[in-house]
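Labels run A, B, C, D, E and F following the written order; every chain starts at residue 1.
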Amino acid sequence: MSSGHHEEAATIAAAEQAMQIAFLQDFYQTVRDKCFDKCVTKPSSSLSSSEQQCLARCCDRYAEATQIVTKAVLDMSGLE
Amino acid sequence: MSSGHHEEAATIAAAEQAMQIAFLQDFYQTVRDKCFDKCVTKPSSSLSSSEQQCLARCCDRYAEATQIVTKAVLDMSGLE
Amino acid sequence: MSSGHHEEAATIAAAEQAMQIAFLQDFYQTVRDKCFDKCVTKPSSSLSSSEQQCLARCCDRYAEATQIVTKAVLDMSGLE
Amino acid sequence: MDPNLAAMQNLPGDQQQQLMQAIEQMQVRDSLRMYNSLVERCFRDCVSEFRSKDLNAGEEKCVQSCATKFMKHSARVGIRFGELSSEAESQMQAMMQQQQAGK
Amino acid sequence: MDPNLAAMQNLPGDQQQQLMQAIEQMQVRDSLRMYNSLVERCFRDCVSEFRSKDLNAGEEKCVQSCATKFMKHSARVGIRFGELSSEAESQMQAMMQQQQAGK
Amino acid sequence: MDPNLAAMQNLPGDQQQQLMQAIEQMQVRDSLRMYNSLVERCFRDCVSEFRSKDLNAGEEKCVQSCATKFMKHSARVGIRFGELSSEAESQMQAMMQQQQAGK
């Protein structure tokens, strides 16, 4: 019985891990797509230095926006 | 053997249930996102009463549109 | 032990197959949605012959674009 | 009566438990997806130029309002949706039965 | 010969059956997703103002035509896609093999 | 220390292996999804009229540049994201814990 519980807890932990990895992949895809849309406009096949700078800033600002949203969500939930 | 069949049928039923719940979640997300896009335009952090009214109507109309689409799909499939 | 390995390899093969089918479904949905957006503009419930022609060409060109992208991706990866 | 609820009650105990776990996992997945799309939405609507390295005060305020407002909206739609979802469920079942009949 | 089809035939009987079930589930999932995106599309294209509580006659007609037309379109693309999909499959496999080689 | 990494080390051997397999599968899934969205993006941006049957030279060149550029972009974002992701992870965990506490 105890071993069964152990196993189950381990399965749940593994499922949670898998979900977190899936979330990080989705998150990464979103950043990648949004920053490409916002920064890359010229039709050439190489990235210009201004596009590269834009991308770096876009990633940093996306991270900042994520922090603000997280805080807002946690604040809202606390009020319920 | 018979118990094996039973178990299998139960697994399939559970899988179907899980799929239905996933569908309802997707459906809910779609309504939420579309009605936010259609109704919420002002930058303030609270919902104005006109926005609230718009949201309620948007949900109702989404439900109506769903009925019409369902009927159209079932009619089409019947004709095949 | 050996039978365990066999079984595991079979499970992985099945998982890969499932993933490929999921990809083909996603791919099909994308073609369907994009070509509908590009070709169907009139509000009637039937497809005009010009819309039908557009759809056929859209599918063919999507396939062509897929080939070019595949080649570009494989070329890029080879350079790493 | 809802045939699916009946189906769930007919499941053996451990299957029921597995299903409950699957549902819980889907709820977490759902809230992570909402969180992801919330950041995406507020970033899209509030941030547009990338000349400076940090968000300016106006952008910060906009992201914050956007998140708060969407959460309020989401709670409202959730309530409305609860009223509508049994209908959505029955229509989905019509679709699924029709599809299985068409095989 | 298609290496994946071969792989499927090499699976033990119960694995083959599990795979068939997984495929069936994906087909249901696929059709529920299409249904969801169909409502979304027709709602987006046909419904724009929310002053009255119900859809007016024009909006109803528009949603109906939109759904019917998309279903016809979908059937046509399905046929065309069947012709193209073995090609899509082989390209996908090139991608997967390349990725596994890159590990 | 990262509580999840600790959780992973506490898993029994076969669970750890299953998790590693799940991660590998998600990586393949991720790259197939990127491939799908890459074709979609380049098709959307480069192909607009359907009067002739084949892509013209300009469209071909555009699709090729689009794919190459996105791959370069993706590699760059990947590096940047590696630096940011431990932060993203900790925020996601705050969300998940908060959600579980709210039950």
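Assume a contact is a pair of C-beta atoms (placed from the backbone, for glycine too) under 8 Å apart; a residue touches a chain by one contact, two chains touch by 3 or more.
Composition by chain, UniProt nomenclature: A, B, C, D, E, F = Mitochondrial import inner membrane translocase subunit.
All figures in this text were calculated on a predicted structure; none of them were measured in a lab.
The set of chains in contact with chain B as well as chain E comprises D. Graph distance from chain D to chain E, where chains that touch are one step apart, equals 1. Interface comparison, C-F against A-F: more C-beta pairs in contact at A-F. Within the list C-F, C-E or A-F, B-E finds its counterpart interface, over half of the contact pairs alike by residue number, in C-F.
Chain A and chain D, compared by their mean Cα positions, are separated by 17 Å. If each chain is reduced to the centroid of its CA atoms, chain A and chain C end up 25 Å from each other.
Per-chain Cα centroids separate chain B from chain F by 26 Å. Remark: chain B and chain D have CA centroids separated by 10 Å (rounded to whole angstrom). In chain B, 16, 22-23, 27, 60, 66, 70, 73 are the positions where the chain touches two or more neighbouring chains simultaneously. Of all residues in chain E, those touching 2 or more other chains are 28, 32-33, 35, 64, 68, 72, 92, 95-96, 99, listed in ascending order.
Applying the touch definition to every pair of chains gives A-D, A-F, B-D, B-E, C-E, C-F, D-E, D-F, E-F.
Those residues of chain D that touch chain F in the shared complex are 28, 31-32, 35. Residue ranges of chain F in contact with chain D, taken from their complex: 92, 95-96, 99. Across the interface of their complex, chain E is touched by residues 12, 15-16, 19, 22-23, 26-27, 30, 34, 38-39, 53-54, 57-58, 60-62, 64-66, 68-73, 75-76 of chain B. By the touch criterion stated above, chain B contacts chain D in their complex at residues 7, 10-11, 13-14, 16-18, 20-25, 27-29, 31-33, 35-36, 40, 43-47, 52, 55-56, 59-60, 63, 66-67, 70, 73-74, 77, 80. Chain F meets chain C in the complex at residues 21, 25, 28-29, 32-33, 35-36, 38-40, 42-44, 46-48, 50, 52-55, 60, 63-64, 67-68, 71-72.
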